[in-house]
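Order of writing sets the chain letters: A, B, C, D and E. Residues in each chain are counted from 1.
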Amino acid sequence: MGFFLETLLGGLMTGMLYALVALGFVLIFKASGVFNFAQGAMVLFAALAMARFAEWLPKWLGFSSPVLANVLAFILAGVVMFAVAWVVERLVLRHLVNQEGATLLMATLGITYLLDGIGQTLFGSDIYKIDVGMPKDPLIAFESTFQGGILINKEDVIAAGIAAVLVIALSLFFQKTGTGRALRAVADDHQAAQSIGIPLNRIWVIVWCVAGVVALVAGMIWGSKLGVQFSLATVALRALPVVILGGLTSVPGAIIGGLIIGVGEKLSEVYIGPLVGGGIEIWFAYVLALGFLLVRPQGLFGEKIIDRV
Amino acid sequence: MHAAPSPAQPPAGTGRKVGDVILDVKNISLAFGGVKALTDISFDVREHEIRAIIGPNGAGKSSMLNCINGVYQPQQGTITFRGKTFAHMKSRQVAEMGIARTFQNLALFKGMSVLDNIMTGRNLRIRSNIFLQALRIGPAEKEEIQHREYVERIIDFLEIQAYRKTPVGQLPYGLQKRVDLARALAMEPQVLLLDEPMAGMNLEEKQDMCRFVLDVNDEFGTTVVLIEHDMGVVMDISDRVVVLDYGKKIGDGSPEEVRANPEVINAYLGTQH
Amino acid sequence: MKDIVLNVNGIEVIYNHVILVLKGVSLQVPDGRIVALLGGNGAGKTTTLRAVSNLLKGERGEVTKGSIELRGERIENLTPADLVQRGVVQVMEGRHCFAHLTIEENLLTGAYTRSSKQEVAANLEKVYNYFPRLKTRRTSQAAYTSGGEQQMCAIGRALMANPNLVLLDEPSMGLAPQIVEEVFEIVKDLNQKEKVTFLLAEQNTNMALKYADYGYIMESGRIVMDGPAAELATNEDVKEFYLGVGGGERKSFRDVKSYKRRKRWLA
Amino acid sequence: MIYRENGQFKTTYRADQQIFPIAQDRVAIALMLVVAFVVVPGLASDYMFRAILIPFLIMSLAALGVNILVGYCGQISLGSGAFMAVGAYGAYNIFMRTGMPVVPSLLLGGLCATVFGILFGLPSLRVKGLYLAVATLAAQFFADWMFLRIKWFTMDTPSGSVAVSNLQVLGWPIESAVSKYLFCLAFVVVMALLAKNLVRSAIGREWMAIRDMDVAAAVIGIRPMYAKLSAFAVSSFIVGVAGGLWAFVYLGAWEPAAFSVDMSFRLLFMVIIGGMGSIMGSFFGAFFIVILPIFLNQALPAVGSLVGVTISTAGISHTEFIVFGALIVWFLIVEPHGLARLWAVGKQKLRLWPFPH
Amino acid sequence: QAKEQFIPVLSYRTGPFAPNGTPWANGYVDYLKLVNARGGINGVKLSFEECETGYDTARSVECYERLKGKNGGASLVQPLSTGATYAITEKAPGDKIPLVTIGYGRSEAADGTIFKWNFPIAGTYWVAADAILQAIVKKEGGWDKLKGKKIALVYHDSPYGKEPIPLLQEREKMHGYQLSLLPVASPGVEQKSTWLQIRQSRPDYVLLWGWGVMNSTALKEAVATGYPREKMYGVWWSGAEPDVKDVGDGAKGYNAVTMQHGAEPQSKVVKDILAMVHGKGQGTGPKEEVGQVLYMRGAMSAMLGVEGIRAAQERFGKGKVMTGEQVRWGLENLNLTQAKLDALGFAGVMRPISTSCVDHMGAAWARIHTWDGSKWNFTSDWLQADEQVIKPLVKTTAGKYAAEKKLSPRTPADCQS
């Protein structure tokens, strides 16, 4: 029982971390109808920037406080992500107004290559460290109730908290503000949005900025967990079933999807895995998502797919 | 069709003689959540006639066609076609039985050329299997050519020869409507459902379109169900008219009767006509 | 003539780098007037409007020659959003409502450029007044409304921006006759009371000439005729080909036969 | 010769329905075939064959298969890697266990992929668009896992990596670079021809109709189930055969990672950048995604030394990434519908030449 | 022109495995430069060209094809990737290029009678696994103590990760421990469930068979679940600086088996490289990295290849450029005595090695080193993998490969050529 709870909890935490990455996908999709293949690359790029700035800034400016270094690095990395957003809009999106999803997806692939190339050139391709003072040691709770207690990963708890805050804030933003509504309009029909005066350029810069910041937060948390190196980008692939399960257009969906996928994959690996030789969690996550889709083809909270004649 | 030559020829022109009831819609109700699109609608369509459905926007005209087509499944009521009664229809079955339609908002296959779009209308009649098609030998090729000939006649008839190979997405709206009609005609339907075929056309083009509809009706005896907002057209070419309003039927009869019906005037026509 | 709001000067438009659609179109829209752009399918009306509102780019079209001026200012390089800021709004052909947004959200998005809350609320009320049907369907997603309802939504959405020049592309398409009349009444209303200028592409020549002050007739990418609406309405060709009243009586659609007619201006 | 079709009047529909109705096209294709079958084998180097042409041909074939599903039928698939894997391992098992000759082994391997494809295509009846991508990704990860974990498929090799050798067709060994090239080329040409026939036949129109507007397609009597599953079947067959070729002819020995999700993504990208719904586009796409990076990798140092800088190996790779990414974006901006469309527009311009419009 | 011996360098300095691939490549290239600085092999200078593979098999094959014929033909190739090794194994015999895989690749390739062109010199994964078990046995105090013990293998879910399994299972049968297998999907960024399982079953030892990010993630998860690092043993691809660097103190006590060498900042060869290569401003990577574990692996790999060429020259003519076939002979008749090693600067770094036609591995020695929070220290004596166990395993597996490919083992006569 204790172990079950532990697995469950572990799954929930992992799920929240996935949700953080999933959020980036949802944001951009919801606001421009673009499936942003570059999300993983953005996470990596942001994390690289932050890790390296935290390393370089004390040297450049001659101070030694790690807190200050981290804060400054975060801000600077944020600025870098803003710059990325601006450049992406200027050089790519602006020229692809009103194009189909596949074309835009492809464009984000181009962006992925650019970010990978530029990121590694600027920041190096070694393994780097983000140390924002996340606690690494485990917390054993309920030792009296269960034998061996329940292990809780403090780092994960904090990360999950941050993810939850972000998600709530962004959901409110989308549902309650005029800009949120405009973003949804853009996703539906670029041209009509333009025709009523929604400045696509500005909107896109905003969204990519927000997505950049989300990527930065995700990069910071995942980076402090895993170390900052190229494979960080692959967490995007783990977050994909989350996005889909929650619904491509739903911010809260990212969280719920994350929790379901997180729990599902951990439980399956721990309880079914040993029977079949293990290593099933990835495909299990996808199959789980697929199972939900068969019931609700637009994901749990996604907007209904409209086809009318 | 101006004396089109023979093989794979549609049933010979029978002239216009309104026959028995071919399509009978009984007590259809359809709701989407709270919205009642159709409430207890009944009407019938006779063979070879031109039957118009009119009514204000959102009255449920398109929804009615969608029910007949199997796109929507009415909660209540039955549809009888050629003596067979259905609670709801399946799209494929409907097509096989010979009901074709055009769409209000254009539902052409945007990525395909005009010719290919119309050719899809012939797909029901393709007999050769996937392997023959891959090899394109013998029967498959012959079949393809036969259907092509048929389609070409429709193209001639609707006067869209010049656009044969153009992707439909690039055509102006009015021509797209024509292609939509062509695709439906390619199915050699017995009943043709037309959803606002003349929207977005100027007078001349409307006249052309009317001529097409009348010719189809005359020469092949195709039964036509027509939704249209242009009262001139409706009054001139239809035999009988159903009037819907807010999902309810408020009138049914000859154009003259309907035009005189005060409820219809009030709900739809306004004072102008 | 009064001040010219919009001056289109000999523009050429090419789609996809190869398809030449407009072959030198010039037209003027005077302030506070209603100008109608008439012509058959594929004449290039929509393209002209797109060129003005700068929506060509998304269709991979571009203006290759000529100039477009709004109150004397060249606007070829402005974004559509800039134009809305300057009060120019286009109602696109074929509705283009935001499918996933409700009718009311659609309308509110139309007021994106308006910041005053009261103004937006008043505008919303105004649109609901013009189109009561929209009010009853306000909470339904636009994709699930009927064709006509979507058309009203699109027009209403444009009005939410408080425009001073509206480019209307086939407003009457798919609307019931009663509503068509209402729409034109609204146009007249706005024009007279709020001094909104209209450039209107229409197939319904009858209506258009009845309400417009001036008309242009397009055929395959060129303006072939223009003049005050009243004059056009009495022109024999226009009467025959666009109004269907050539030779006195209105012809029945049943009787029109398929002889090939030839328009005199094409000669 | 100038590219014009003036004076070429079609008097029969048969003539108008040829694969290449324009005479110049026919000549060009015939020339290309001659070049591919006769000239290239005489000219190209071993490296050209083994590292460029063979992978290019095989990936073109795979991209063509994916194009049928994604480009023609509109079903987004990220499981192509899995279909390739099933084709490869299927062919491997048949080849090793039954001792069947190579060609039927590969075709049967393709058939295995067909079955697998249909199975994972079933969700497409309900799930659409990007959401469908997840179903196909499930296939991808499941196949990865299956070939790692189920020993039977790998004939109990301890590491799970397998190899084939002694390939021959009717006694001719497929060992030399040229023979491997011709072997692949034959497959590609035949399959491309069959695929082209399919897409311009009734079934192809059904796929496109489903892609463009499935409700309308249903109304004119197209069965979505048949259309979608047949697209999955045909596509995964071709992709499976390509997988077999990739494993047998190009790699020789392989592990499941050879058909990882990366491969799926790359194939999808080939289709999009090449041109969705275009057979020719598949070749362009494969060229772009397979060959361009290799070319950049070799050209950049040369360019660097021209301007007098030597770039480190890592630097070259990074630059390769940047240039490649920039090229993708640039091509999309020039022509969002892919290289095939760019090609078509180019041809159209040529047709009008010397007039601009 | 023809006086240069060409060595292609397949490396990866970008992508997910760059942190591990880069130091290896730097060591490899630096050593080749050192050989040239020392005057080449009996006067024959080495030339080399790098090709980036990104650790991708298809790209590796392309690099192989691109470089194999350049500059008079490749002498030998070392791809540093198990996937590429498998693919090139099928091509090398045809191209007559020896495939040298120092510490990776297929374990059964040690059998030179069947794998004529493969050279897993100085140790295969079976050696590594056996050495780890021996280290554990030393700690426990005898093989019999293993009975009933639980050993978990956390491995990269790929042929590479699966390589040690046959040996571990063989030993399991012999000694009665319980082996549990825990695969981690590539690249290994998410291992929570693996470590939850470890926390539940509390194995006595955890063997780690990872590469790249998987290693550091495993260590971090071990920290997070409180599994003692002292009880973790990594393969030699899981025991270098990049694997522990960002775990820092958390990795203290973690052990890994070494390919003989560890981090060797004090060795002569490192000093030579610093003086003769870096000192001349021709160093490939940063100075600090010279002498680190993966750097040394690269240097040692290069050295073994170069010595193969040297051995070939001794038979086929000193001062001449060797063909691939000749190099193959050299690699097969390598006899690195202590004296030779000392002269090369590898004193203390490794033990003598001698290969033969039958035995392409030449040595089965290893040591354990342990991370102390800032550097790797040797914590065991030399361990030798048990021939009795490995030999039969090699024989049967290689035999099976031969049967599948319809190869007949080389005859003694063939061995002479």
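Quick note on the criterion: a contact is a pair of C-beta atoms (placed from the backbone, for glycine too) under 8 Å apart; a residue touches a chain by one contact, two chains touch by 3 or more.
Keep in mind that what you see is a predicted model, and the values were worked out from it rather than measured.
**Q** When A-E is set beside C-D, which has more C-beta pairs in contact?
**A** Looking at contacts between chains, A-E has the larger number.
**Q** From subunit A, which chain is the farthest off, judged by mean CA positions?
**A** B
**Q** Would you mind checking which chain's mean C-alpha position lies nearest the centre of all protein C-alpha atoms?
**A** Central chain: D.
**Q** Compare the CA centroid of subunit D with every other chain's and tell me the farthest one.
**A** C
**Q** Rounded to a whole Å, what is the gap between the Cα centroids of subunit C and subunit E?
**A** From the centre of subunit C to the centre of subunit E is 74 Å.
**Q** Compute the distance, rounded to whole Å, between the mean C-alpha positions of subunit B and subunit D.
**A** The separation of the two C-alpha centroids amounts to 41 Å.
**Q** Measure off the straight-line distance from the CA centroid of subunit B to the CA centroid of subunit E, and report it in whole Å.
**A** Whole-Å distance between the two chain centres: 74.
**Q** Just the number, please: Cα centre separation of subunit D and subunit E in whole Å.
**A** The answer is 36 Å.
**Q** Please output the residue numbers of subunit E that touch at least 2 other chains, ranges allowed.
**A** Each of 13-14, 18, 22, 157, 183, 185 in subunit E touches at least two other chains.
**Q** Where in subunit A do residues touch two or more of the other chains?
**A** Correct list: 99, 116, 120, 125, 277, 279, 282, 308-309.
**Q** Residues of subunit D that contact two or more other chains, please.
**A** Residues 144, 148-149, 213, 215-216, 219, 314, 318, 320-321, 336 of subunit D touch two or more partner chains.
**Q** Name, in rising order, each residue of subunit E that touches subunit A in their complex.
**A** 13-19, 22, 157, 180-185, 187-190, 192-194, 196-197, 199-200, 212-213, 216-217, 220, 223-226, 242, 245-248, 250
**Q** Provide the residue numbers of subunit B that touch subunit C in the complex, in ascending order.
**A** Going by the criterion above, the answer is residues 32, 35, 55-59, 62, 104-106, 170-175, 196, 199-208, 210-211, 214, 229-233, 236-237, 268-270, 272-273.
**Q** Across the complex, what residues on subunit E touch subunit D?
**A** Interface residues on subunit E, with respect to subunit D: 11, 13-14, 18, 22, 25, 50-52, 54, 56-58, 61-62, 65-66, 68-69, 82-83, 86-87, 89-91, 94, 106, 157-160, 162-163, 165-166, 183, 185-186, 397, 400-401, 404-406.
**Q** Which positions of subunit D touch subunit E when the two form their complex?
**A** Of all residues in subunit D, those touching subunit E are 45-47, 50-52, 55, 96, 144, 148-149, 155, 157-161, 163, 165-166, 175, 250-258, 260, 262, 294, 297-298, 312-314, 316-318, 320-321.
**Q** For subunit C, which residues count as touching subunit D in their complex?
**A** Interface residues on subunit C, with respect to subunit D: 14, 16-20, 60.
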